[in-house]
Every structure is written in structure tokens, then in C-alpha cells.
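Two complexes, one shared chain (chain A), two partners (chain B, chain C).
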Partner chain A sequence: MTAGPQNPGDTAERQGSLSRSLWHRFVRWDLASVSIALALICGVLLVLVPAFRSAYNLRALGFTIAVTGVVALAQVCVLSVGQFNLALTAMGAMIGLLTGWMMQDLGLAYPLAIALGIAFGCLTGAVQGAIIVRTGINPFIVSLALAAAYFGAMLGLSRGASYNQLPPAFVALGRASILGVPLLLVISLVVAAAVTILFQRSVGGRQLLATGANPRAALMSGIATNRMIVTAHILSGGLAGIAAVMLVARLGSAQPSLGSEWLLPSFAAPVLGGTLLTGGRVLVAGTYLGALLLAIIANGLVLFGVSAYWYQTLLGILLLAALAVDRGRQSYVLRNQL
Partner chain B sequence: MNWTKTILAAATTASALGMALAQPVAAAEYKFLLMGALVHPYYGPMPSGIAAAAKEYGISPVPEFTMPQKFDVVEQNAIIDTYVAKGFNGFAFQPDDPVASNQKIQELKDLNIPVLSIGGCPVQPTPSLFCLTTDTKDLAYQGAKHLMEAMGGKGNVVHFTGQPEDTNTKNSIDGVAAAAKEFPGIKILQDVVGMDAGMDAAQTGVSNVLAAHKGDIGGIISTSGIATDVIANEFRKANQTGIKYVGLNNFPVILDAIKDGFATGTMAQNPYGQAFLATYSLKLITDGCKYKGKDFYINTGLLYITKDNLAKQAEDLSKVTTDLAKDWKEKLFDCKS
Partner chain C sequence: MSLPRPLLPDAAVPEAPVRRRFTGGPSGAAIAVVVLAVILAVAAPKFVSLDNFQVIAYSVANLAVVAFAQMAVLAAGGMDLSVGAIGGLSAVVVGGLMEAFKVPPALAIVAGLTVGGLGGALNGFLVVRTGLSAFIVTLATASAFTGLNLGLTSGQPFYYLPDSFKAIGSWTLAGIPGLLLVMLAVGAALWFVFSRVGLGRQILAVGANPRAAELGGVPVNRSRIVVHALAGFLAAFAGIILTARLGVAQPTIGNDWLLSSFAAPIIGGTLLSGGYLSVPGVIAGALLLTLVANGLIQLNIDPYWTQLFSGLMILAAGGIDRLRALNLQRVERAERFALANDPAARRKDA
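Moving on to the complex of A and B:
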């Protein structure tokens, strides 16, 4: 038996079905919204603003995303268990200043100072996590109170001093590139890969997510949820330490204002990238796309010469628009049971 | 979350960043950016100063002016990077961090882009060519001297000033103390620091001090911009005209207080002149002139405003700039080649 000529109606139907299937797969993709927003904004900037695609601008964006990405991951770790870390900014300032002090005043070799700085970050996270699980006080309040305590302790001990005589080899790290890609961005992506593996491939990562998704169910299934919460805060502190060290290298100095603007991007980047504030689901790649979107929106507003008086308003509107697009996508998926 | 999605996301990130093969951006001859440290009324007169210098010295296009939203060196650096990408070839800005901003200034210098500082200065050593700023010690000294003269050389003075971590705060305290030494009948009751933390902090600080020293205070000087407005408003609410009061800057609240008798005077700084002279200097440097001045700090002048010169204060302040600009090129630049 030989196949007869295909009915043109069947072919059109098959093509329609294929397009629908691809569309459904796309809208179900967690990163669809942030990718569309990025593609749209990049498209507009590429066409209308030649400076956007200059190597200098892309390199500058790379530096921005490098630090913002790690800051956002520090928040992602606690979001995974359904908690917040509002002390992130104070931790960053304290770790950065401590690392600067160890290099400049104590004369420690910079790799050792970096390691100790990050370890101190883990310690501050451990303290925060331990207070939360031991006292049962809401993490929002605990981290807010600790932020004030950390910042006050840092100012009290340092007297507001800055450290700007850091080892040249350390400062050079902040400006170094590998094949034109900023070294800090490479480090940031390596950290992101490690966090991806943690949440995706390790038992510990799964247990963190299970704790965030449903703490009671996680406890009933034998997960030490309190230990998971402390672990999440330790990871958050450690990542805040990495981000602080990266920022100190980038700025070439350590000062009390370090990390003062971390809080908004630490939440906005993960949320734009599909991480749930309620815990149980994190998207590391989405977090980086969220960080990229934030950086490109800020970059684009300056490139378009938006007045400094209106910048914040437009930034807020664009962020809300990006979040609304994602909300619309999720509703569409639910409504159509895709 | 799986590896396919991660790779797809990474590819999107890479494609957005991977446009580095584009053509370099062409640079115009005069593409200057002047920038404040944050959105603040202090910088309000700067665009006029830029426009006036552009007109006076034929600088086209008119240099741009912008400000970061907050005192954030990372945001300020990102704005600078964006303007470098746009081909700007001269910068004058107030560093958001006197220490950390030096790294960015060095990066600009490495790109052969001249950088000046205006409004506030980076710590030295710095690659910034020079800093057009107010001598804060002199401002406090002169303001305090005017106040003490208005008090008839006797009585108690309270000094409201900025943040303890700001070097200008120490300068201001020293300036007020230096003036007090010249008046044996004057006693400084208190230097109240931390007034620039915000309106709430200033309001609380002012209320506490006024309550604590009620009846003892003969004069008040403010070297904090925020406290200046708070005190002027407090005096207006209380219909207080008995205490002599000298404020900072020439913003509407203090000028109205002077007009209505609630303040004796105010020390106006010269942001207009800082922007004017920075724009002119960037043009000279771009034209090939070399800075030959010995000083890093260049005082851009002050004006003491009272009821007597209130009406023509803008004109008087403009004259301060005109006087400075008169021999600016000859005095500070070598333009032989």
C-alpha cells in the first residue's frame, strides 16, 4: 500500500498544532517572561542607542551583573526556605570592611583575608539562623534587628574608617578580564553554577527546598528543618561575603557604605527570575536573568538620558511591568491548564 | 529547573552581553558630563552654570548634567560607565565616596578622559586634576563671625552640623571654634552633630536642644543643610525672633526666614560657579591646555546673605563667579601649545 497525497487541510492542522505546542511549551517555561522583557528592551536599545552595544558598555554591565547576581543568590538561599535576610546590606558592609582591615592593617595575604572574610560571613549567617530557630522570632524582625546591630558594631569598631591601601594584586582582580569577559563575572557564574548544583543535584539542596515548600511535611518526612534553616542562613552569609569581597576588589577600597543598595536587587532579581518568595522553588538562571534585566533597565534609562528626577519613577514602573507580564503568563498557564 | 533551561538562560544572558563586536562610538569634540552626588537641591543651580559657560565659551553641544538617585558609588560608577560608552570625553563630578571613587577616576584617566571634582572632593592622592569646592572651615568661620557680630559679641551659641563620619563636620566645628576665639564674650554651648541623617533626625535634634537650653541660647549657626530648614521652620512656628540665627545655602526656606525676620543671615555656597568653572576648565583641557595650578582644592567662594542684599543675592553670587573666571585661564592653565 502506498501513501496517497497528503490532504492540505491535514498539513495546516498539523502545523497549527505544532505552533500551539511550541507556544504552550514556551509560556510554561518559567523564564519566558524575563526572557521576553530582556529581548524587548535589548532590541529597543540595540536599534535606538548605538552606545548600548559598545564593548565598554557591555563590560560595565558585566561588572554590575557579577556582583548583583551573587547578592541575589545570597537572598535566594534564604528564600528557598521561605525566609528573608534583611541584614544582607549590613553583612556586606561588615565583611567588606573586615576584609579590608585584614589586608591593610594586619597585612594578611589577600587570599587568606578573602577566605576569612567569607568565613566570617558564614558565621554571621549562622548566628542569624540560630537566633531564628532558637527563639522562633520572625526572620523579618531578627534580620532587621541584626542589620542595625551589625552596622552599628561596624561603625563603632571602625569609627567610619575606610581602607584604600589594599594590595595591588587584589585590586587588579577587580579590573581583570579573561578573553574580554570581566573576571568578576566569571567568578560570579562559577558561584551560580555551584548554587545550581546544590539545589538541583544535592540531597541538602532538595531538603532546603522541601523545608521552604512545606516545613511541616518536611519535618514529618524526617528532614531536620531547623538545621536546614540555619544552613540557608550560613549560605546566605557566605554568599554575602563573596559579593562584598568582589565589590571591594571592584571599588579598590572598603568603606562603611559598601552594599548599602543591595536590598532591592536582592529581592527583585530572584522574583523577576521566577523564584518564589514563599519558598520551595528557586531558579538560579532566572535570578541572573533578573539581575541582567535590572542592570539593563538602569543602563537604558541613563542611555536614553532620562532626567534624574524621573529615573526612580520609571525604574519602578518598568519593574512592575516586568512582574505584571510574568503574573499574566502564570494566569494564562493556569487558565488554560497548560 | 533543569540543565536545558539553565543553558537556555545562559545563552540569553550571553547573547545580550555578546554584542561586543559592534562599531566603536564616535566621540564629539566637547562631550562633557557634570554630575552631583545625589538628587539634591544643592545642585539646582548647576545646569544654569553649565549653560552659561557653554554660551560664554562657545561649547557645543551644551554639556549634560545628571545625578545618582542616592549617595551610592556603585550607581554613580554605573552612570559614568554609560556616559563613557556614549563617547563622553570629560567628566566633573562630586564623588559619592571620597575613597572608592578614586578607582573610577583612575579608570577614566587610563582612558585619557580628564576628570575634575566639584562640590566635594576625593581623598588624596587622587587622579582627579583639581577640586572646585567650598572651603567648609572658612564657611563656618565666616558664618559664625557674622552671627557673633550680630549678637553684639556676647552670649551662648549652639552649632548644628552634619554627620560625624563626614570630614566637613570636623572642619565646620573647627571654623566655628576659631570664630569664637575672637569674641571673648561668646561661649559655644554645643556642637550638635548628625543633622544630615534626615529630616526626622534633624527635627528631633533641634527640638531636643532648643528644649534643653531654652532661655540660654543667644545665637544659632547651622552648617547642616537639613537643620537649616528645620530651624527656620521651628522659629517661624514659634514666632521666634529673639535668637540670632545664621543658616546654610540659599534655598527658599531660609531666604523666606531672612525676609520675615526669623533668621539673621545665611552662608550661600556657589554650585553655579562650580559648574561654570568646571565646564570652562574641561573645555580648556580638551583644547590642549595643561593645568598648572599648585593647589588641588580651589575655593569657589561664598556669599553672606542678609535682609540687606536678599533681593540681589543671585546677582551677587554670579559676580563671585565672574570674578573667579576673569583670569582663570591665565592663572591656572598653560595653553602655549
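Moving on to the complex of A and C:
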């Protein structure tokens, strides 16, 4: 599929065909833009800021990526069918508080509380998917409305309380390491592997992608598209639950503000990594590279002593720039018929 | 066609009478407002009082202007998630100019409105030039504007605003809050633009059917940029009048605008799919949202629940929007069917 073999007779083309074909292969690579950005920023930080390499800092990065990655995957599941989940933040806050409440006030064993929390996440996702499919109301509006409803219900029931006396064994999970790698990062990567297998290898995953790529065509091919949409939202809710539990373990407390900053990264990380907003195309590895890029930029700003307030500006500009660059890359590929 | 100046070929202009009949406009929201007001008047003794009416009026004035911004973009078939961010940024720009640089209020307000308009125009430019969805563009710019706001202010409000500026927020005319009148004037101007001015009609045509509009000679890209700039301007306007009323330029202004900016237009009949808007509907929607929040307080219900009710209301409004769209489709299909099967109608059409 490289340029060289396609024009075997053209000797002028052959000259420097190795570097050219490498370039072409690179340009066609979906993760080209995000990889270059990552390499540049990592290079700068490695050279200029010694603290970047410290074990402490790398561990902090690992924790951040672990949570952001799962949050982004929660969005990816819905993006795969071409929809958005704006209720992700509210789901995270609600599940986090619920898990904290079950452990602290009900005294449930933490594995049970975790399982119930994640199951509840699936339930909220199922409600959202069912409303979208059954009523036909614009999915954007449904998730916006449910975000408010979930958040309001959570505040109304908890009265703004937070839970700080969590079981020590549970909090220890958030600090544990396996061979120096944070346990949360290991869990996050296992989740990522499962989601990859789902989309790459399983029939259900392929049907999700087909639904996102072209709902009509998918329906004509005998895929129960409505069921796929509900499934995507259930997966999204479950992953939001996993992310919320991870964050509670990491912070050692459950607060209503949990997840309030998830929304933009949940879109930015997948989009930076080549996942399409319009559905039908999902790149899990790219999503993690995107999450890594976001985490390293936030980390770099802290190391350079820049006010954290500017992070949001940079995040917004970066997202737009990345999208524009990737558009340029795609049109370059199309124009030159690579 | 009952349009005063048919600027566009018929294909680009939605059949006004059909749309009006089946999209209902503000009537549903207005009925809900009346019912709720009567219930509250009976159930909550303090609801009917001049003080409470003024509180409601100030709240509606601000909310309606925010919702006008979203309404305009929705009518053009887009959306703007950055209304709150632009409102907050403009508020601190105005506050900062007056407090730190001693700029006269009038000039500071002009600067704030310019910032809002430019921010909106940037949104529109990015949507048009990159071909990305308005959703992701405005999600990103919202983050950028909020960061700019917090970076410039370090999260600190501007407290020392000139009295002449604060007076904008507190003047009344025969007991009616001035800001309510200002909001009504803005609404009237928008109604005029969207029903009588070529540019407004073009924006609606783009929202109804961008392809048809383009074939009909409407400058689609320009209309999109203009409507985003208009939304930015209105968001800035809302941020500035809120600052004047509060007497403090807080960086957090606009943080909680997103939900209500969508809720009020949708409750008031503006179509999510674009092409139709109703200015009185937006005002009725804003009034309904405000009455619910106010009613919860009057009935001594925990304000924590407000968001739950807002969420359920917007869901209900989304359902009504869906029913309207289905109804509209059915009518259009029936009319097409009648046209195709009725030789007389076909001859008349030709």
C-alpha cells in the first residue's frame, strides 16, 4: 500500500522512495498528529524540567491518565454510535457519592459497594438510552436534561454532603502499586484492553460501530440499532461508574464536585486520538495517547509554574488546533491520493 | 406566502402558515406560566408581592437575554455551548476596565459587547472554516474563554464599580425594573430582525435547510458567522446587565447558564432542528423556568432540587419539540401526497 510499489515503472518516483513511503505511511497514520504533539512536549519537558522525570511526578501522571482514560472511554462508547453523553459528569458525581454513602453510612463491604456503584452507573446509562430510543427526543437534549436531573437529585438527596470516612482498605486501593505501577493505572489499562477487544473483535462491538457509521444501513443489514444505542449508553454509564470509583479511591473521599471537570477531556482525549465525533470509528489506543497528552500538558504547566487557570484556555486552543491539524492531514492524504 | 418581502425563492422559505399552526409557538409555555402562577398565588402567600415580582422580573430579564443568544443559533441549525463563558468573560472585561483602568462605564460596556461579538464571530468563523460541528467548536472555545477569564482575574471579582454603572441594574420605571424593559426592547429588536429583515430571514432559511438556502442564493457561511456573532453579543449583553445588577463583576458569571439557555427556547417552541424561532416563546420559557425556581423557594422546598425540576422540564420540552417535528412531517407528507394526486393542485402550482 506504499507509494513505491504502486508505480514500479517510474524511476524518478523510485528516487528517495524509501523516505517518501515512510512519510506517506506516517501521514496516513491516524495517530500522527497526537504522537508528534506528545513527542514535542515530552522532549521539551525532559530537557528543561528535571522534576518531570522524577518517580513522584511520573506516578502522579499515571494516576491522572488512569482516571481520564476511563472517563474518555465512557464517552467513546457513546461516540461509537454517533451520540454524546453530556450527563457523564453528573453520573460520575452521583455514583461517587452513592458508593461513598454505601461504604460510610450503610457500612457495606467495599467490593460490594463498588459493584453496586458500577451497576448503578449501568442503570443510569440504560435510562438515558431508553429515553433516547423510545421517545426520539434529540439525544443531546436528553443527556443535557438528565445531567441536570441527576445532579439535582443527587444534591437534593445528599444535601451537599461529602463522605470522608471511607474504609482504609478501599482508600489503600487508590495508593497501591504493582511493581511501581499504580494499581489504578493497571485497572485502567485492563479496562482499555477489554474495550479494545469489544470494538475490534466482538460482533456486538462491530454492530455498535456499524450503527454509528450509518444507522440506516445498519438497520437494513439486520442490526437492532435501537438496542445498540441503549447498549452504548449502558456501557458508558458503567465506565463512568468505574471512573468515579477510581477517583473516589484516589482522593480518599466522595464529594459532589467529583467529575465536574470531566466533560471537555472526555471529548478531547478521544478526538485527539482519532475517534470520530460522528460515530463509526473508535481508537482506544489513540484515546489513551490523547489522555496522556492532556495530562502532560497540565503537568507541564504546573512544573513551569503557570497558573492552573490558564490550563483551560490551553486545553480549548489545543483541542481546536489538533482538530484543524488532523483535518489538514486528512485532506492532504485525500488530495495526494495516498 | 404572507411574507412582506419575498427575498428568497419559495423552496428556501418554510411555509409560514403551516409552521406556525403546528409548531405552536409560545402558546403552550404561556398556558403553563399562567397555570403555575395561579397555583403559586394560591399556595404561597408571599408569592404575590411587589418584592417577589421584582425578583422574578430581574431574573427573567437576564435569563431571557441569555436564551435569546441560544435561540438565534438554534434557529440557524447550530448551537453555542460558550454563551456562559462569553458572558463571564465580557463581565470581567467590563469590570476590570472600570476598576483597574478607570475607563468610563459607557466605553467599558462597548468594549465588553465588542469582546462578546468577536468571541461569537470567532465561533462562527471556526465552524465555517474548519467544517467541524458547532458542538465541538463551542465546547473548545468555551474552555478557552473561561480559562482566559480566570487567567486574567485569577478568579478574583471586581468589587469597586462606579455608581453610574450600578445604576443601570437598579433603575425602575413606575415600579417596573428597567432591565425588564431593556430585555423586552432587545426581544422586540430580535423579533423585527428575524421576521422583517432580509438577514434574519436568511439565517432562518439556513437553519431550515442549508442546501436549499445555498441554492436559493443565501450566503450560508456569512449567515452562520453573523448568527454566532449575534449570540456572542447577546451573551455579553446578558453578562453585563447581570454585573450591573449584582454590582460586582464575578468571574463565575455564566457558569450555570448552559441548561437554561437551551431550556427556555425549547420550552418556547424554537425548533432544535433549526428554521423556526419564537421570541415571545423564549420569554415565556424564561418566565416558566424562573417561576419554578421561585416557587420552590416560596414553598420552602430545598433549592437543591431546582436542577432536578429544570432537567425534567427540559426533557418534557424536548418531548414536545419532538411531537411538533413529527406533526410537521406528517402535514408536509400529506400536502405532498395531495399535490401529487390532485391534478388541479398541480396545475395551480405550475
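In this text, the second predicted complex is superposed on the first by the 313 of 338 C-alpha atoms of A that agree within 3 Å, B and C clash if a C-alpha of one lies under 4 Å from a C-alpha of the other, contacts with A are read in each partner's own complex, and residues count from 1 in each chain.
Here is the rule we use: a residue touches a chain if its C-beta (ideal position, glycine included) is under 8 Å from a C-beta of that chain, and two chains touch if they have at least 3 such contacts.
From a predicted model like this one, the values you see are computed outputs, not experimental measurements.
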Note to self: Do chain B and chain C fit side by side on chain A in the superposed arrangement, or is it a clash?
What the structure shows: clash
Check: Now for A:257: first (chain B), second (chain C), both, or neither, which partner does it touch?
Finding: first
Note to self: Which partner chains sit in contact with A:85 here, chain B, chain C, both or neither? Use first/second/both/neither.
What the structure shows: neither
Margin query: Output check: A:299 vs chain B and chain C. Expected answer is one of first, second, both, neither. What do you get?
Written below: first
Item checked: Touched partner set for A:50, first chain B, second chain C, both or neither -> first
Checklist line | Contacts of A:266 with chain B and chain C, given as first, second, both or neither | finding: neither
Next item on the list: Would you sort A:319 into first (chain B), second (chain C), both or neither based on which partner it touches?
Entry: second
Note to self: Contact-wise, after the overlay, does A:160 reach chain B, chain C, both or neither (first, second, both, neither)?
What the structure shows: both
Note to self: Between chain B and chain C, whom does A:33 touch in the aligned arrangement: first, second, both, or neither?
What the structure shows: neither
Next item on the list: Applying the touch criterion given at the start, work out whether A:188 contacts chain B, chain C, both or neither, answering first, second, both or neither.
Entry: neither
Next item on the list: On the superposed three-chain arrangement, identify whether chain B or chain C touches more chain A residues.
Entry: B
Checklist line | Colliding region between chain B and chain C, picked from 26-34, 80-88, 152-160 or 296-304 after the shared-chain fit | finding: 152-160
Next item on the list: Pick out the shared contact residues on chain A: the ones touching chain B in one complex and chain C in the other.
Entry: 155, 160, 309, 311-312
Next item on the list: Within their complex, state which residues of chain A touch chain C.
Entry: 84, 131, 135-138, 140-142, 144-153, 155-156, 159-160, 263-264, 267-268, 271, 277, 307, 309-317, 319-320, 323-324, 327
Next item on the list: Please give the residue numbers of chain A that touch chain B in the complex, ascending.
Entry: 29-31, 35, 38-39, 42, 46, 50-62, 64-65, 67, 155, 160, 162, 164, 171, 174-175, 180, 189, 196, 199-200, 247, 250-253, 255-257, 260-261, 281-286, 288-289, 292, 295-296, 298-299, 302-303, 305, 308-309, 311-312
Notebook entry, point to check: Which chain B residues qualify as touching chain A in the complex?
Noted result: 1-3, 5-6, 8-10, 12-13, 16-20, 22-25, 39, 64, 66-75, 77-79, 81-87, 97, 99-100, 102-103, 106-107, 123, 164-165
Item checked: Of chain C, residues touching chain A in the complex -> 79, 126, 130-133, 135-137, 139-148, 150-151, 154-155, 258-259, 262, 266, 272, 302, 304-312, 314-315, 318-319, 321-322, 326
